[in-house]
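Letters are used for the chains, namely A, B, C and D, taken in the order the chains are written, and counting of residues starts over at 1 for each.
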Amino acid sequence: MKKVVQSAAEALAKVGLNDGATVLVGGFGLCGIPENLILALRELGVKNLTVVSNNAGIDDFGLGLLLQTRQIRKMVSSYVGENKLFERQYLDGELEVEFVPQGTLAERIRAGGAGIGGFYTPTGYGTPVAEGKETREIDGKMYVLEKPITGELALVKAHIGDTHGNLLYRKTARNFNQPIATAGKITIAEVEQLVPVGDLDPDQIHTPSIFVNYLLKGAHYEKRIEQRTTR
Amino acid sequence: MKNESSRERLAKRAALELQDGYYVNLGIGIPTLVANYVPEGMTVVLHSENGLLGIGPFPEDGEVDADLINAGKQTVTALPGASYFDSASSFGMIRGGHINLAILGALEVSQAGDIANWMVPGKMVKGMGGAMDLVAGAQRVVVVMTHNDKSGASKLLPECTLPLTGKRCIDLIITEKAVFEVDKQAQELVLIEKDPELSLEAIQACTAAKYRVALREPVSA
Amino acid sequence: MKKVVQSAAEALAKVGLNDGATVLVGGFGLCGIPENLILALRELGVKNLTVVSNNAGIDDFGLGLLLQTRQIRKMVSSYVGENKLFERQYLDGELEVEFVPQGTLAERIRAGGAGIGGFYTPTGYGTPVAEGKETREIDGKMYVLEKPITGELALVKAHIGDTHGNLLYRKTARNFNQPIATAGKITIAEVEQLVPVGDLDPDQIHTPSIFVNYLLKGAHYEKRIEQRTTR
Amino acid sequence: MKNESSRERLAKRAALELQDGYYVNLGIGIPTLVANYVPEGMTVVLHSENGLLGIGPFPEDGEVDADLINAGKQTVTALPGASYFDSASSFGMIRGGHINLAILGALEVSQAGDIANWMVPGKMVKGMGGAMDLVAGAQRVVVVMTHNDKSGASKLLPECTLPLTGKRCIDLIITEKAVFEVDKQAQELVLIEKDPELSLEAIQACTAAKYRVALREPVSA
């Protein structure tokens, strides 16, 4: 069982990702994004990607870097924030966007990882989000049927990983990383600290090793802050 | 009191909806200010949908942590008793009805309790974020907004004209002019408080939604 | 915010449970069961309960104690094991049983806690479990529609709790306790150790305090072992 | 070899289905014994559906821990790299196709890959436990069982007669007499190995299910 690779590029090379693939990317805004894997994806140059990620980064960091290189054909997100490049590509019709309510997005990804074929959520009933979807009344309340999301590849960032692939996240950098780690056909994790198997408390593991195919210690972490706010 | 900004007055009034032991989600903007008016001795736990229960104040300069942000992507701190969790669990809390109270802004609210707050006419759509889940899932949903838009048109309407965020989900509307409960059965609003300096006629003149009047002692804000 | 009570009896008194209520009880076999709360439920004497729990205890411990007193009208479980009392009451028609596949049971409880109106699972398709339920093909695979489970009361047992109600479980005693803690209208947790708020690492909490209405330090833990097996 | 019990031979043969890095769920009974035959140098992580990845050997007498059991409710230990999780997450792993291999017993298997193993005729029903999830969710499902029941009747059948645990979900059947692959397309079995001491006629005589013969070199077990 050899999951540890030396670099993000090596991990991606093992996967053999094709143009047009669906890639799930963890993080919320710039918090907890797999910085090194995004850079390696940019280096790899694969095109026409569908990227499932709660946000789309900013112009010059995170997924914004893949917008610069026009590698993303479609984004599945709940909020795309202030990203001028995104806006331009969207208005030009180069970039397709599917807006999914944040909780529905998280649940669809979890469902994808947990083998659920679909689920009924009250979120979005009576709104544009429910258009074209099955709705039904269950015990007097209206629900919308939502489908699972999976992808050829899931990219996540954790704080600590062990050599078996067990992961611990830190603070709110956990966010979408935990469900996304379960929903890739192949999942690659990058970590700030890599420790020998056995170093982590089995009660405290956030993502069990079964979900992780490859992992690497990130070469460098910028951990940029979007809205630095102080007292 | 008169020197307070309108934003602060709205936040103060909204804070009166808090109760001891409540788990509360505060939206971006004025709702965030509500945190400043939690009464002494009351414990309210603030939820951030990106995966935190127990939001604390903004950090000191040296305390800033890139791994600790709120749903508005601002750096924050966490209070004793806080917990971190993933996004699926976080929205399980919301959708499962575990959040006692959500306070958020709106562009329009209808007399049946519909809300529109995610698509701004003439602007690029940024997405709904977690708003649709919050209005559909929280036990009680309170809207804090200006009574009228910049052109003076009522934001309380018989029917929303903008694409909805949620249907029949709002419980209370707080504006700088008045407070309305939503009677979802009757599909009308109930005017329960008003700015004492405004007459009933003045409220009527700037409100398009249907409402009945059942004024209570104005809660001191 | 006062969640800590002095005893299991005090917690139940605060809830005001009625005959005929649905109670969700954590544990797997005898591992991680809320021993003190089960005893208090027996003392309380409420009748005609529907109990949702993966197993039904043994003749003289765990939920078996509530079978002795004939307080349970219906069990919702995946496996009832070797329990003679259970068998007798079941064959006599005194006790109704709904068998639910273990994963479907866990997922239905999670759905109940997470506000999901129903979900499609491949488990049980083509078996007696699917009888009378909606089935459908999704992306070429057959699924069964399953409904959420909630209850008036959820009883769970954790290893450590803080005074705000944050919980940590220990080893495989976590099992159904974690989803069940989310699915009660009221949730009571009993713990082996009660610590002041702030003592627990926020990254390591298994059940956030939002799910817990009352908690207590259990008076006594027997922690009986069903199948003591050694090397 | 000849002194080995039939149980041990079955477990050894099943162990040949393991691969390095596999995450595996072993059912109660003979499947549990497979853990004893993991080849040297191969890492296989054993999953227990009550919430453990990385099952270790049974504990020493002084190591017994009431909080650490397997799905058969036996006390166990955990290996380095283990993790604990809740039941919903555990079955997410199973249903989501993350378990590479499940090995379990059966009362009957059909030539289309159906399995019946939870309702014993004439006995009180104990429940299906996690078996229905495992057969529906694991990437590959291997049945280890005796070829015939106590009355001598074939447990490999054209159609199961007992209530099903799962439909079209079995990939391989290992008995003390033979090994069959399930050709789900053709809805028939493929005899790929047999006890060298038994003739094809002898296998045919004790097997009710339809199968074709495509014998491979018997894998040494």
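Rule of thumb we're sticking to: contacts are C-beta pairs under 8 Å (C-beta built on N, C-alpha and C of every residue); 3 or more make two chains touch, one makes a residue touch a chain.
As the structure is a computational prediction, the values presented were derived from the model and not from experiment.
Peer 1: Kindly list the shared contact partners of chain B and chain C, in label order.
Peer 2: Both chain B and chain C are touched by A, going by the contact rule given at the top.
Peer 1: Averaging over Cα atoms per chain, report the distance between chain A and chain B in Å.
Peer 2: 29
Peer 1: With chain centres defined as C-alpha means, what is the inter-centre distance between chain A and chain C in Å?
Peer 2: About 33 Å, centre to centre.
Peer 1: Can you check how far apart chain B and chain D are, centre to centre, with Cα atoms defining each centre and the answer in Å?
Peer 2: So the centre of chain B lies 55 Å away from the centre of chain D.
Peer 1: Residues of chain A that contact two or more other chains, please.
Peer 2: Only 107, 110, 114-116, 121-122, 169-171, 174, 202-203 qualify.
Peer 1: Of all residues in chain B, which are in touch with two or more distinct other chains?
Peer 2: 78, 84-85, 91-92, 94-95, 137
Peer 1: Counting only chain pairs that touch, give me the topology of the graph as line, ring, star, complete or other.
Peer 2: Topology of touching chains reads as other, fitting no named class.
Peer 1: Check the chains against each other and report every pair that touches.
Peer 2: Final set of chain pairs in contact is A-B, A-C, A-D, B-C, C-D.
Peer 1: Enumerate the contact residues on chain A facing chain D in the complex.
Peer 2: 1-3, 110, 112-116, 162-164, 166, 182, 197-198, 202-203, 205, 208-211
Peer 1: Can you name the residues of chain A that touch chain C in the complex?
Peer 2: Residue positions touching the partner: 107, 111, 114-122, 136, 138-139, 141, 143, 147, 168-171, 174, 202-204.
Peer 1: Within the complex, which stretch of chain D touches chain A?
Peer 2: 20-21, 23, 43, 45, 47, 53-54, 78, 80-85, 91-99, 137
Peer 1: Could you please specify the touching residues of chain D with respect to chain C in the complex?
Peer 2: These residues of chain D touch chain C: 48-52, 57-61, 63-70, 72-76, 78, 84-88, 90-92, 94-95, 114, 119, 124-133, 136-137, 163-168.
Peer 1: Touching chain B in the complex: which residues of chain A?
Peer 2: 28-32, 54, 77-81, 87, 90-91, 99, 101-107, 109-110, 121-129, 142, 159, 169-179, 206, 223-231
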